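Read through the structures below before going on.
Next, two complexes with subunit A in common: one pairs it with subunit B, the other with subunit C.
Let's turn to the complex of A and B:
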């Protein structure tokens, strides 16, 4: 009876996996086919679309811009969130509940609404931010906040923060030295997992990128959107490259998360 | 002036007073145990000595130096935590060397000191291992070595044996005591285990509800409890109401009296007893426990429940519940205790 049940469960799970893989496989085959029109199978296979994509200066520029925005936003997150969590956990542990509510705020407002709000807020500002990467970096910081906070907070909970700090103090270390030499190395895995996860999420973010910056600072998402009218094979190669990159980041994030456990 | 002196120490967390008006002095090289039930303030007092929980009032002097307002880094105090607090990202060697590196000692000097202390705590061969690869006892010894290597003026031990199994515990408490004597290290040890306190200490500071209720040698505290709490906490003293004491032992007393279970004898035919072993009574066994070398009886004597400990010398000593016992009491060891 148990065997039958296991088989049934496996069949359901594998069927769903296969179903979900169909569009990815189809896109991949389309991206390596020279022509796939009225026939069941492609006329031939080629890597031309990938070569064309990877040698397109506009793609490389967009990719570079996306990398710059995501990395800058994440560096800003690390610089602000890491000390903030340390202060919360070491000095004001009761604030953790408040922080858990605060970090959910970016999800409370739909991106379309908050991006329109940001546009209104900064449209009349003396410093011109709309249409520049800086507004996107600031916005992405808020989006990354929940991922960063939770993952790093979990790492803090996993170590005996107070005793480690106290032991370091008694051995002559200052707060900065204790944090840099003892606490930070023990947060490395949680920090890396949250960084990769946030990175892959931010790289695929479209609504804020389109409304706040659009073509004025073409990022990878906007590039993909703008290329939708060109050859389907080319955009398929673009989507697959995008997918593989995000898949790699997510895999790295999960590896680091496993390390924490 | 003593090596360590504490005057009027008070510590509050908000409205909660953890301890108030604490006084004590410790001589150099003494092994002191802060003993008391959970929540009595002993760990907070220890942390206050270390500077981790600054006191709200009072002064702490070490070697004629007022350290009350010094930060932990400046106090020259070593501490072993209940959780050991080993740095998980560092090897045994690096953990131990940490304090010396903070003092910016030369690499060679650090290596020599670390090697010496590793040998002292019997951890040779474990230098390159990480804390998660060690057993509880080994971790405890790394924590001890890390505290010892910086040559602290006082060593503080916050229930360092509580997470270990009985066999390792026995071994390590002896090892700690040997090292402490060898280094003539002034040590303050926190525990709630009275047996551990009795075995290890030169003097015990017995705490209850934020107060030191009695100080003295283990023997003095065990044989002369200052009050009911001490009598109840140290061993299994029988506490007998004043009117019962008059009835059973013919003692006139305003307060309760205390008598230890081993000061009550079961009368053996043909054996001569001293004049002070008297007040014969007959009791009925209500319950008994075999504790290995000791058999503990709960005996009802004229409506008064008494605990009687007998050495388990032969199977004849193991009597069934309901049996009658002829008891004698060591009158010299019956003492009045304050409430």
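Let's turn to the complex of A and C:
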């Protein structure tokens, strides 16, 4: 009886996962085949599509732009969120409730809705932000905020913040010094895990990039979209390269979060 | 309050002195909140406020004209209808598949379980434009699987660029999210309960209907809400798949602010507010259902 059940559950898990794998595997096979018509297997295999992709300067530029925006947005997020959480937890613990409500907003408001306001506010302002990478860095901060805040706040709850600070004061450290040398190393793992996770979904962000900036600063997703008319083999090589990068980032994130437990 | 404490000639200044020091001490740390607050205001709050206020402005005058325009337009109503249809069905089907997967996942060995969770973590980022392209490659008009299935006459009149194709994509990106949200919730189930139910003569189906699902209901409803909100707000997949030709509400909003012609940001603002109200309404209904459920009554 028990055995039959285990087999049944295994079948359920495997069949759902296989179904989920079909688009990924098909894209992969398509990206390494020279031609694939109405047959079960493609006519021949080749790496030409990847070579063509990796030697395309437009792809490399778009990839570089995406990396720049994501890294800049994450640095900005850390610089803004880390001190804010520390201040909230150490000086104003009552504000935590308010913060938890505020960080729900980027979740609750669809990016399309935010971009309606952003376009109108920053298209005609003195320093025109629309069409530049700077507006994306600002909006990506809001997208990453809920994940960063929750992850870092969880790490703060796990350490004994007040005791650690008191001990540091007793030994003659200033608040800044105590924060940098005592608190920060304790948060490192949670922070790194949330950074890699945020990185992987910021890289896939399309709505803000398309509406606020578009082709004026072509990021990876915009490049991907603009390549839709080219050969399907080429776009699948592109999708697989992107997916490989996502795989790497989520793997790093899970390595760091496993370190926490 | 602060000014009365600081003012030196107020008669209770001596009594207030112990309070004065912590107040000044708190100013410096509070300064650290300012950059955070400023950026949050500029990129999250200010756009929301703009949308809300301008949805009531029509030809520089305060009116409900934008709202009546939206509500009287069959085209807009169709967009809302399509969005809701896609959101509700993809969420329900995605949730059902995820529930099945997670409940089975708890019965298999932990190596397989960790692998599956790692895979769902990764595939939750496989959405939007890349996902649409993957679907076009396999199920598009000249897609490998389309041609294969057509050879055997199996596909019928399935069209990836219509509502069934979109539903398939939506379900695909809802499953990983639902699994990640549901997985921790299943810890609430005690394995002994199933044995106890079996001992009392209940079949597995009885156990699920009478014990497991009522216990899980808050998590299931909560996940459903997040899935619906996720699907209603989805834009990239539809845009990449149909170049904005399928009428859903996010496509309408975007085309009113960034299209080539007919820019009407205030109308887009009104649609946005209606959309947010719709989401709020669904959330309220959901909270009500949770409070009525078994776990809410405890």
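Simple rule for what comes next: the second predicted complex is superposed on the first by the 260 of 261 C-alpha atoms of A that agree within 3 Å, B and C clash if a C-alpha of one lies under 4 Å from a C-alpha of the other, contacts with A are read in each partner's own complex, and residues count from 1 in each chain.
Basically, a contact is a pair of C-beta atoms (placed from the backbone, for glycine too) under 8 Å apart; a residue touches a chain by one contact, two chains touch by 3 or more.
Since this is a predicted model, take the numbers as computed values, not measurements.
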item	value
Three-chain arrangement built on subunit A, subunit B and subunit C clash or fit	fit
Contact breadth on subunit A, by residue count: subunit C or subunit B	C
Subunit B, subunit C and vertex subunit A (Cα centres) - angle in steps of 10°	90
Touching partner for A:119 - first (subunit B), second (subunit C), both, neither	second
Contacts of A:246 with subunit B and subunit C, given as first, second, both or neither	second
Contacts of A:81 with subunit B and subunit C, given as first, second, both or neither	second
Which of subunit B and subunit C A:160 touches, first, second, both or neither	first
First, second, both or neither for A:174, with subunit B first and subunit C second	first
Superposition-derived minimum Cα distance between subunit C and subunit B (Å)	5
Shared subunit A surface residues [contacts with subunit B and with subunit C]	none
Subunit C residues touching subunit A - in the complex, by the definition given at the top	26, 29-30, 32-33, 35-36, 39-40, 42-51, 54, 97, 100-101, 104-105, 107-108, 112, 116, 118-119, 121-123, 125-131, 133-138, 142, 144-145, 147-148, 150-151, 172, 175-176, 229, 232-233, 235-236, 239-240, 250, 253-254, 257-258, 265, 268-269, 272, 275-276, 279
Subunit A residues touching subunit C - in the complex, by the definition given at the top	5-6, 8-10, 12-13, 16-17, 20, 22-24, 26-27, 29-30, 36-40, 76, 79-81, 83-84, 86-88, 90-92, 102, 105-121, 138-139, 141-142, 145, 200-201, 204, 206-207, 210-211, 214, 221, 224-225, 228, 232, 235-236, 238-239, 242-243, 246-247, 250-251, 253-254
Subunit B residues within the subunit A interface of the complex	47, 50-52, 71-73, 75, 77-79, 81, 83, 85, 87-90, 98-99, 102-103, 146-147, 150
Residue ranges of subunit A touching subunit B (in the complex, touch as defined)	159-160, 163-164, 166-174, 177, 181-182, 185-186
